[in-house]
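What follows is a group of structures, each given as structure tokens.
Both complexes shown next keep chain A, but they swap its partner, so chain B is in the first and chain C is in the second.
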Partner chain A sequence: MITLIVALMASVIWTGVTAAEELPRIYTEWETFHEADGLPSDKTFSVAVDRDRVWVGTDRGLGLYENGEWTTFTVEDGLSHNAVLSLAVDPLTRDVWVGTMGGLTWISGGRMRVFTQFNSGLPNDVIFGVAVENQNVWTATTSGQGRYLVRKNSWEVYTPENSPQHEPWGYANDYHDGKYWAALWGGGALEFDVTTEQWQEYLDPDGHMEIALFRDDGIIHVITTGVSFREGLLWVSTYFGASSYDRMGTRRWRGYSDFDTGLASDFINWVSARGRVAWFGTDKGVSSVHYDTNRWVTYAPVNDPMDYTGPWEARVYQEDELIETVPLEQGLSNNFILGIDFQDDDVWVATSKGLSRGRWRPDMLGSR
Partner chain B sequence: MKCVRWITALGFLLVFVAVHGDTNDEPERRALPSYGSTPEDLRPFGRFVEEPYKMFFVEPLEFTGPGREKPEPEVETVKIGLLTPLERTHEAYIGQPIFKGTKLAIEEANAAGGYKGKPYELVVRNDEGLWGASANEVVAFSYEDSVWAIIGTVDGANAHIAIRVALRTEVPMMNVGDTDPTLVETMIPWVFRNIPDDRQMAYALAYHMYRDVGYQRVAIVRADNRYGRFGVRQFRDASVRLGRPAPIEINYEVKFEHVNPEFTAQIQRLNRVNPDAIVLWADADAAGHLVRRMRDAGLTMPVYACERIVHPMFLDIAGEAAEGVVAGYPYNPDADIPELRQFRAQYRQRFGEDPNTFAAHAYDGTWMVINAIETAGLNRYLIRDALAEMDTYYGITGKAVFDDVYSNRRRVIMATVRDGRFIYNEPKLTVSF
Partner chain C sequence: MSSALAGEEAYRDFSEGGVRFLGPGRDVESPDTLSAVRLGLSGPARGAQGQQLRLGVQLALDAANTANGYGGLPYESIFKPDDESWSVVAGQIVSLVYEHEVWGIISSLDGERAHAAEMVVAKLWTPVITPGAADLTIDFANVPWVFRLMPHDRLQAELLVRAAHERGFTRLALATEGVREGRVGRDRVTAAAHALQRPLHAHVEFHSYDAPAAAPRLASSGADALLLWGRPEAARELIRELRRHDVSVPVFVPASLVGPELAQAHASLGAVLGAAPFDLYADDPDLLEFRRRFEEAAGVAPTHLAAYAYDAAQLYLAAINAVGLNRVRIADWLLESRWRGVTGDIAFNSLGGNMQEPVLVELRDGDWRRP
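Up next, the complex of A and B:
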């Protein structure tokens, strides 16, 4: 009887959610930004939202979008390098941490401070990922994980010598809910519990580069490219597909590939989660999936995946079954996606040729 | 059902023999039966799982990003980067021949008129082997030097670090000296490798040692770095899959001369285990010292090794103890190829020494890049495409056959020390990879 009541309640709740808003949402209105609009460069590596501001890392400087205007910052303004790979914003101080190909730049109060491997404890100057954890800042570099303790003005460096890193090559990182995560190139995913200061690594269970033995046995491949942790769910991206791990619940892994889901491509450069929806930036467009329903929405060029100037569409899948195709009046600026962040209900997407913004229009298609 | 299985098995056998036979014909790209030409009996979990959830590297890599539309700029020179260990590293004995082989190719291309009359310029950066430094060097190549492609590097860890940056800066990298199998097992569509890898070496050694010779217990001795760790991995796995797991795997310190110059611990363990033979993954000097100490200690078991020991340093250090040592080798320096004879003569005349495998592959790899530039023009994306379309290449090292991850799967051979020098293609392999 109790089971029946719980099931009925869940059904009511679920029906309510579905009626109000089926996830993932379908974004039908896209806006694009290019050099001609004020971006430092069309080649955008990263994007980070700070309330009403949007920071964009490009290969020729850092862009700031505020009040409808673009401002560019380069080495002439104090940036450590013009190629900006990664960005993070401190939600409390609104300080911006800029990971470049030539060091870390801290933007605070209108001033810039540069950290390099020669003037600080930064493990390496090429910073693929940066994440803010309370009063500390983590950097994912090719020589290990660097943790800058802002209040102490000191660094901690984590390598295979003092943490369980199969390889120390950091490629991306994330912090949320007391856990720091790093995607390691050749080292799977690495978890650091801030309270206990304990590390745990997650590797590909089959241990082989050339195969994935089973779909749901763990990380699909040991070469990982992104991590995102929200609502107890870990999402891991690779160039071989994606994986999720119910870290705080069932502790079960699930694998996702382009042939058995709506994923645009197995070559995934980036993953960001919002709630229980993960967004994947691939080489053939953007895909979003809801963990509980395995419903996918993929945004991709209609014809060839590289025909980004042609028509685009949103494809809705239930697992691997295409159930709906929605033409887009305006597509994304490019199919090769390198970064994603969220601004209220909108989504910002950094691509290899321009920046895109998906505007949430509940009065339109997505609210059905 | 049994009949179907027999027909399937027979079909596989025919394909396997056709591809792995010891004829001089190299396999064509599309005829490679599996990734790395892995035979059925060496397939991971092959005895337990009919087919894994996914098999990687069996479709051509693709780059779907923009950039091909960029116009060709005006330049004074056409810059090609070279990242290689030249000094302050134990791998300089590999990096120096790479530099020389590359230099010869660039000079020849310039003598032939360069690129549309513009000379090629080699921009050289030292790969010091310091952790992470290769990342900074590729950034400099990409943004400061504005090279069109990069050749290098040798160390497996540094090469991995370099290719990750090359993926972001979108510059083609031609590897001519890193035999770590995992280098190309990354899905990065900007990486090419023209030297056969340790996966092929390990398969060839395993088949020869277990099947042809019939050893039962083969011990593994390796350097305690990434080169040793990943070099022997496929041999270790192959030993298990062929039903003869290695009785012991012994490391030695890369800086052995400071901590263990006599290799005492390694020799004691070998003495205790008394294997039928040894597989050794080591640098030339360490291998020379180790083999000499082994023979001095009365250990007479045959030694099979990696291609790095095929070097005068190994012969000088090991002396008479080197006799009979067998090494896997990526190409046949005595092959009847006129261009190879000419290269060897030029190299000897220019540098006063014989070219080794790294010099020869650097020469071929540089010419591959030059040819790609001349086909594609000055656009990194189109140069990448031109390299990706290169299914085969006929160079001084023979016919290169590129697989779907752009790695040369030309069959490897063996070389044996006889009367103080290496004799190539001996022993002749019944099956090669």
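Up next, the complex of A and C:
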């Protein structure tokens, strides 16, 4: 059942600036979707917004939410595998690229075409990340980065043999503003400039997997789980914290850990940026941070991190100082977060037990 | 802080930063429609090691089935061969979970295969025990579903460097095969030598096809001992080539080489010492009984790998008996368990690494024995 709940307003100290004007925003209204609402499965791996449509990858099929209705696609409809790990939408054609645990599926004009490592140049059938770059589509796999040139119907494959990858294991990817990025399991972050066709790798500069010698010297850990690039800022997630890199500006790195920021947890499955705000999906909830202000908003269960059916709250931090707590009448569907995307002012969150949608309600916060 | 990194004050030390899985699933009841309880097994189909792996697992399952299985349900292992390339492992893990609905997986004899498995089960939430992979980086992926049994490669490197120096060898050369295992080994030995303040005398990288070219370079290096990291066949050929060049220096090898490939060629290899994961000939009643049963069933003596495979299966059987058929609870049980196996005491740290120390052995008449 879909639930729409308006949050309780907490009594807060007036700071002179309305919360509605500040970033990251505080989402006080959350809506949840489960199997009973039409979702293919409660375990959602990924979510991708296409204007008024929302595509959701689950462990038992692909879901489409449109006009308030859910539609499910499975292997019986032509999907390459029912476990849908990754999704990308072509903003021009509205074609959908579906990365599964058994190949890549291209949905175009109501038809599905399947690519596997046996019928195409796809490097591996288990596709952890998919990203659209102009007329090309990138896949992040355990056997390297695959680039499908749609107009030529041909593949390019990049591995440590022909690009500077410390390890070939792609775990996530992103494309924006002329740069393709991959999060490599053991290989940090990998950059490909589409114009110059130059590669650049970013590793943990201290060279030790067991430690981070300095906080702000580079990627906090070389086994990376997510990557997002917006407004010249690179965001990288790991299971030991996060990092940012001002790629087009100061070229400075920053490290983020749960003990010195408002980050919900160092165990981060996913990162997505919108503007200069990054959203992290962790095992203890969702966190968002504005790069320029280091202001954080974290959504998490109030008590035990796994008590997702209990009360939730939004915690506002300035760096590591908790400055405000907003109780939520309805929390997210689970604390273990696997994917995030944005729809206008709203945010969609794929959790391991349902899908959640944060509705932006500035009127609720501005009234304080 | 690890000993290899001692002296550096770091912003973060991840050694104790392992996590417990915080996702859902612990409340899911055991299904009541099963015809068997399946464990997944991924490893080589060919060669002595593959046979040892499968037999070790089967020995444990046979004993459990003789004792009525799991509440009357038989235990089965589903085997997936990974001889050709480590890249097949990801798809195999998917198949084991989705098609065969296994409750736990025993997989990976090296770091490449272990990482490929690790990436998949981080999404699919099924435990993996690695019986033969010693790569410390497996732990530092921080995936709460993966458990490494063999003592990690940094401990092995430290043991070997220390042992060489204790025997009076001061000019240590390192030879690494030009594959990932060799590259990781180079890093481990270099770090160990640095930590022990015993700088390496020389380093030579070789490939499986160019042992004849690498041997003269090592012979002319002036080293009085050699540390060797690579795959068994390539390592064996390099040692033979060194002996042909009248290089008689002792060779120190990691646990991945303390196996039948070098043992069977002992007559042509000269002095070889290794970092064994445990003493296969220890006077331990459980180990002796395992050796007896294995030889009776297989007609050959078990290797370290067979014993780890047996213990891995035993761990799953104990976990399932304790918590039922629930993958999250099985992983929880593994993380918290203190288990006495035929390979010794097994206890996993927060990163899923077994806190076991390697032991020094030497190749003597075709066996790996304590000096």
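In this text, the second predicted complex is superposed on the first by the 345 of 368 C-alpha atoms of A that agree within 3 Å, B and C clash if a C-alpha of one lies under 4 Å from a C-alpha of the other, contacts with A are read in each partner's own complex, and residues count from 1 in each chain.
Just so it is clear, a contact is a pair of C-beta atoms (placed from the backbone, for glycine too) under 8 Å apart; a residue touches a chain by one contact, two chains touch by 3 or more.
Everything quoted here is computed from the prediction, not taken from an experiment.
S.K.: Are chain B and chain C a fit on chain A, or do they clash, once the structures share the same frame?
M.R.: clash
S.K.: In the overlaid three-chain picture, which partner chain does A:V84 touch, first (chain B) or second (chain C), both, or neither?
M.R.: Touch partners of A:V84: none, neither chain B nor chain C.
S.K.: Is A:G102 touching the first partner chain B, the second partner chain C, both, or neither of them?
M.R.: It touches chain B and chain C both.
S.K.: Tell me which partner A:V114 touches in the superposition: chain B (first), chain C (second), both or neither.
M.R.: A:V114 sits against neither chain B nor chain C.
S.K.: On the A-aligned overlay, A:T142 touches which partner chain: chain B = first, chain C = second, or both, or neither?
M.R.: In the superposition, A:T142 touches chain B and chain C alike.
S.K.: Using the superposition described at the top, list the residues of chain A that contact chain B and also contact chain C.
M.R.: Common to the two interfaces on chain A: residues 45, 59, 81-83, 85, 101-102, 124-126, 128, 141-143, 167, 169, 171, 185-186, 206, 208-215, 220-221, 223, 239-241, 255, 257, 265, 267, 283-284, 305-306, 308, 334-336, 352-353.
S.K.: Could you please specify the touching residues of chain A with respect to chain C in the complex?
M.R.: Residue list for chain A touching chain C: 45, 59, 81-83, 85, 101-102, 124-126, 128, 141-143, 167, 169, 171, 185-186, 206, 208-215, 220-221, 223, 239-241, 255, 257, 265-267, 283-284, 305-306, 308, 334-336, 352-353.
S.K.: Show me the residue ranges of chain A that touch chain B in the complex, using the header's touch definition.
M.R.: Those in contact with chain B are residues 45, 59, 81-83, 85, 101-102, 117, 123-126, 128, 141-143, 167-169, 171, 185-186, 206, 208-215, 220-221, 223, 239-241, 255, 257, 265, 267, 283-284, 305-306, 308, 334-336, 352-353.
S.K.: Please output the residues of chain B touching chain A within their complex, sorted ascending.
M.R.: Per the stated touch rule, the residues are 35-36, 38, 44-45, 49, 52-57, 62-67, 131-132, 135-136, 139, 143, 160-161, 164-165, 168-169, 181-182, 185-188.
S.K.: Which of the residues in chain C end up touching chain A in this complex?
M.R.: Touching chain A: residues 1-2, 5, 8, 10-15, 17, 19, 21-24, 87, 89-91, 94, 98, 115-116, 118-120, 123-124, 136-137, 140-143 of chain C.
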